[in-house]
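The next part holds the structures, each set out as structure tokens.
Next, two complexes with subunit A in common: one pairs it with subunit B, the other with subunit C.
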Partner chain A sequence: MLEGFLNALTPTSLFVEMLGVVIGIIFGAIPGLTATLGIALFVPVTFLMTAEHGMIMLGGIYAGGIYGGSISAVLINVPGTPASIVTSWEGHALARQGKARFALGMSALASGTGGFISAIAVLFLTPVLSTLALRFGSAEYCSLLIFSLTIVIVMLETPMTSNLLSCCIGLMLVTIGLDPVEGTPRFTFGVIDLMSGFNLVAVLIGFFCMTQAVRLALDSLQKHTENLVDFSGETSLREMLGALGSRIVTHLRSTVIGIFLGILPALGPVETPFIAHAIERRFNRKGEDFGNGSVSGLIASEASISANVGGSLIPLISLGIPGSGAAAVFIGSLTLHGLQPGPLLFANSPEVIYTFFWGFLAVYIFVLLFGLIGARYCAFVLKIPQSVLATFIAIFSILGSYAINNSIFDVVVMFGATAFALWFQVLRFSILPVVMAVILGPLFEQQVVVLTKTQNSVFDILQRPIADCFLLASFLIIVFGVIGRMRKKGARIKALEGMEQIDDA
Partner chain B sequence: MSGARLRFNRAVTGDYPEMLYFRFASFAVIIAFAALLASRSTQITGMARTYPSILIFAVIVGTLALATKEFLGRKVLATPVSQDVAKIIASPPSSRARFAGFVLVWLAFPWLLVSVGFVVATTITISASFWLLKFGRPGYGIVGAALFSLGCAVLCATVFYIPLPPGAIDDWIGRTLFALSK
Partner chain C sequence: MLKSTLIPAACLTLLVAGASAYAASPEKPADYPNRPINIVVAYPPGGGIDLTARTLATQMERITGLQFRVENRPGGGTVVGNTYLAKQAKPDGYTLGLVSNPTMSITIVDQGAPFTKDDIQPIGGITFAPVVWLSNTESKIGKMDFNQIIAYAKAHPGELKVGVIPNGAFDIATRILAKQKGVEFTIVPFQGGKPAAVALLGEHIDLAANYYDEVAQYIDTGKMKALAISDDTPMPQLPGVPTMKDIGVKMAAATWGADRFVGINANVSEEIKTYLADMIEKTLKDEDTRKAFEKVGIVLIPQTAKQEKALYDEAYSAVSEYFAEAHAAAKK
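What follows is the complex of A and B.
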């Protein structure tokens, strides 16, 4: 382990750590270019390096790519990667309140420290935590997903019935394509491109990037010449550390959630911030501020995403199971370097593995530094006219959708998703339950089918304590949510009646 | 119109009563789409059918319930009309026409990509977008768009290895890059 530590501090290691983070941040900040694409593109470059340096560089691209998405999310409300959607809600709302620099700094701080803690977990807890993942069966998965969806449906300010309907519509839409268990084509209408369903990245680009281009175009025509966000306010490191310190429980809770969900296969950096944000919204005293520029919400999102990246490396290294798409590409690159992921990796190549672990820890220090130092130079983005931003967001959205499979069909899907999101906005339905359903839907269906085939009765499910806890929590959230809404509604009706009496008088 | 109905209309649709009809039309579209999927689900068998059938049923019932609830006027405490829609309605006709042009230009972009190739399609679309959104002088916009398109085409060919829809100029760039790499 000590040899690995020293190897990770050599000038070459430090250089590849920095290079990986910078490349990752650039990839992450551009909508449509994801961390997975960055890793895949730079795998051939790692052949010029030793195995450990190659792994460190890919780790840097992964971590930097996930963080980089937050920069455009905070500044122009365009998530650079699907993982940054939650960050855009909180970070951009903070930026519009004149706290752009603070939001960028906080996102770097939460991301860097969350990732750092997850890297420590990777270093010391890999063998222990990987066994925990094996205890998570279909009952636990189903109950966790029900819990996440319940929180979103109950806690959003829009009416609960419309949230529930939006969620069902999202779940229904993702059934289009091949059935995830038996491979039966469903609702494809003879269109071959629909066999694989709607591409998630294209849908999310449509929901969040292209809609922002439309809004900016509208604003530019309305002569809204003021900056999108105010970047003038000074923010000291002490202030940011103070804000993080006062929300340390939020940070630690989200980090633990991120690591844990990272260990579980199928719950990657895209799904994690939604779940962590929803859980934090439930536990936080100011849960009603979530979605409107909550610092706790921003910390929950950023800490959980970065922690998820570290967490996903645990089953990857120890069991050879990829926890996300990027982790799957990572496994491929390990194999190409002649390393076989799994329990024997520690025995066969300890120097490589421990150098990578320490290098990965250093990567998050660079993410933190680049994020904090680079935040002050991001103001140039805000000097770009809205018409130019609208045009380039539109072109990157289209090129990003096209680049996924080199297919015009994905561009059409992206346009469809944009129209859908705008339609929902006009209807005053929240798009969030649809997003959650689209992201979690395929996994939910898969686990429901496995559950119905493996469990004989409901009582079998009730004998699983982890699943029971999630289901009980969901039930309590619904009960308290309904009571809270009824109270609020009663108060508003009283206020309305009072106003009518004044009008009559 | 009765007081209760007027209050309902104002509360649900803000200052734009036609939004009420839009909402009911939207509910009809959702139900029609779910019904279409339901009719198709008869062709599926086994577990692959059960899960979507439950969801389709939930969507139809949920939409009907929501529409009924709004029609009966029980939803008195609604929020006002979407800000973006209000902006479009409030903007002058010339701005509305330019905005519609912006949307159409980008909708036509994929078709243009396939027809004339990446470089030409991107240059035309970005230039048109700049002109519609009144950005600077048109000449600068065209030059900037052409340089951006060429840069993107070269990057996609040499760094990202993304095959872009080909046209005459794209083919020429490809041949030139191949000749330079020899």
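What follows is the complex of A and C.
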């Protein structure tokens, strides 16, 4: 372990750690280019390095990419990677209040410390936590997903029926493709490209990047010349630490959720911030306005994403099970170096693993440093005229969606998603339930299929305590949510009646 | 008029003569290749096929001095990538594919892939991996061998849950096995070998079908037990694990598993096909190539273009037969 620590601090290691983070931030910050794409492009480069340096660099690209995504999310409301969608709601709203620098610093702080804690968990708790990945069967997954969807449907301010409807639309969209039981094509109408369904990243780029490009273009056409956000506000490290310190419970809660969801093989950094944010919205007692510049929401999102990356390494290293898409690329990279991730890796080449772990810890320190020091230089983005910005985002949205699978079809899907998102805006529906359903839907269907095959009755499912907890929590959320809404409605009607009476008088 | 048909005919004779001369001692076709050759993989990076393609590309570069690039075109359960290989890419010899059978045959026969068997021609076989059936050593059937498990399944119809990938080799081999042994399993569909392996480790299912390289580490650490393999020849990595012959199941040999080979658009000129086939054969025969593949956990079982073509045809007819029977049974 100590040897790994020293290996991670050699000049070469420090160089690849830094290089990875810088490459990652660039890829992440450009809307349309994702962290995963960055990793995929740089995997061949790592073949030229030793296994541990290659892994550290990929880890750096990944962590940097996720953080970089938050920069564009905060400044121009375009999530640089799908993982930064939640950050864009809170961070950009903060930026609009003139706290852009504060929001950027907070996300670096939350992300860096969240990742740091998760790296420590990986170092010391891997053997203990790895069994958790195996405990989670289809019943647990299904109930967790029901819980997540329930929170979104009930807790969003938009009318519950519209949330439910949007959620169903999203779930229906993801039934396109091969069905998980027989492999029969569904709703493909003979189009081969539809056989694997809509590509999730293409859809998300359409929903969030291209849509924002259109919005910016519209703004600039209507001669809104004022700056998107004000970047002048100074902010001190002390202020940020204070803000984090007063929300330490939020931070720890989200970090734990992030690590936990990371350990589960099926939930990655795209899904995690949604769930962490939704849970925070439910349990936060600070009375913040979630979705409109809540600092707690921002911390929840950033800490959980970074912690998720660390968490996904736990089953990867100990069981050979990738906890996320990026972790799967790590496996490929390790195997090409002749190392098989899994129970034997710790026994056969512990030096590689410990060097990687410590390197991963160092990566998060670099993220923290770059985020805190480099944030002030991001202001130049805001000096770019909106029309130019819109053009760049549009170009990179097209490039990014094409580059996922080198497929023009994905570009078409991206444009379709853009139209869909704009239509929802006109209807004043929230796109969030659709997004949640599109992200979680395929997993939900797969797990339901396995559930129906492996559990004989409802009673079997109720015998599983983890599943019961999630189902009970979902039930309570529905009950309290409905009561809460009815009270609010009642109060509003009363207020209206009161006003009428005044009018009558 | 006569003259104008004569000249090409004469040229053709010359070409044919030339081609047979190449076959004897492979020479580089004129002006080919003058740019890197792509190897299309119909899976995302990081998986077994991708690994095979990348190792092959490096070794081909070492032996031939040419440049090879791996291109991932995942989607549609391999249909997207294989359609590109068979139909969309120019038949100019710059697009090869690392294809896996019977998966590809199944997509043609049963899932309406928009190309036929004859659009793709195999030009060299790399390896064959049979399906391995596994149990969790800590489960209630963990101590049993294959025959005891069959006896248990007979006594408890439908109780044992087997994790497979639907309509793939795992699924079909398991169904053939169950039918011939007269037992009833509950088949649980997973979206990949890894999720099924995880479910087996967590005891959410009782048995799983998988490839050796994906589960080797679980077997080595004693978490899983290999029960049988879907071939008639034993696997060198799994000595003592019964074959289909050993347990008395009639199953097409070297078919239900993963036959990984290099395929090319059938319309590519014979000259280039022969040249590439020779180069692949030469690469796979090399001792250092064998070591490089072994390093990433793949045991080479090289096949010449001719041998692979025979395997390819057999796999296709086995798949066609299976689905014809299955559909007839479904109609009754």
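Everything that follows uses one rule, which is that the second predicted complex is superposed on the first by the 493 of 505 C-alpha atoms of A that agree within 3 Å, B and C clash if a C-alpha of one lies under 4 Å from a C-alpha of the other, contacts with A are read in each partner's own complex, and residues count from 1 in each chain.
Criterion: a contact is a pair of C-beta atoms (placed from the backbone, for glycine too) under 8 Å apart; a residue touches a chain by one contact, two chains touch by 3 or more.
Given the structure is predicted, the values throughout are model-derived calculations rather than measurements.
**Q** Does the superposition put A:Val43 against subunit B (first), subunit C (second), both, or neither?
**A** Only subunit C is touched by A:Val43; subunit B is not.
**Q** In the superposed arrangement, which partner chain does A:Asp468 touch: subunit B (first), subunit C (second), both, or neither?
**A** neither
**Q** Of the two partner chains, subunit B (first) and subunit C (second), which one does A:Ala394 touch, if any: first, second, both, or neither?
**A** first
**Q** Could you say whether A:Val450 touches subunit B, subunit C, both of them, or neither, answering first, second, both or neither?
**A** second
**Q** Just checking: does A:Arg428 make contact with subunit B only, subunit C only, both, or neither of them? Give me first, second, both or neither.
**A** First partner only.
**Q** A:Met172 in the overlay: touching subunit B, subunit C, both, or neither? Say first, second, both or neither.
**A** First partner only.
**Q** Give one of first, second, both or neither to describe whether A:Glu182 is in contact with subunit B, with subunit C, with both, or with none.
**A** Both: A:Glu182 reaches subunit B and subunit C.
**Q** Looking at A:Ser196 after the superposition, I want to know if it touches subunit B, subunit C, both of them or none. Which is it: first, second, both, neither?
**A** second
**Q** Is A:Asp289 in contact with subunit B, with subunit C, with both, or with neither (first, second, both, neither)?
**A** neither
**Q** Which subunit A residues lie in the overlap of the subunit B contact set and the subunit C contact set?
**A** In the superposed arrangement, which is not itself an observed complex, subunit A uses residues 181-182, 184, 406, 449, 453 for both subunit B and subunit C.
**Q** Residue numbers of subunit C touching subunit A in their complex, please.
**A** By the definition above, subunit C touches subunit A via 44-47, 50-51, 54-55, 71-77, 79-80, 83, 110-114, 161, 166-168, 186-191, 194-195, 197-199, 201-205, 216-218, 220-221, 223, 295-297.
**Q** Of all residues in subunit A, which touch subunit C in the complex?
**A** 40, 43, 133-138, 177-178, 180-185, 190, 192-196, 199, 265-266, 319-322, 328-329, 331-333, 335-336, 338, 340, 342-344, 405-407, 446, 449-450, 453-454
**Q** Subunit B touches which residues of subunit A in the complex?
**A** For this pair, the touching residues of subunit A are 41, 159, 161-162, 164-165, 168-169, 171-172, 175, 179, 181-182, 184, 186-187, 189, 213-215, 217-222, 385-388, 390-391, 394-395, 398-399, 402-403, 406, 408, 411-412, 415, 422-423, 425-428, 445, 448-449, 452-453, 489, 492-493, 496.
**Q** Sort out for me which residues of subunit B touch subunit A in the complex.
**A** Within the complex, subunit B touches subunit A at residues 19, 22-23, 26, 30, 34, 37, 40-41, 44-49, 51-52, 55-56, 58-59, 62-63, 65-66, 69, 75-79, 81-82, 84-85, 87-88, 91, 95, 98-99, 102-103, 106-107, 109-110, 113-114, 122, 125-126, 129-130, 133-135, 152, 159-163, 165.
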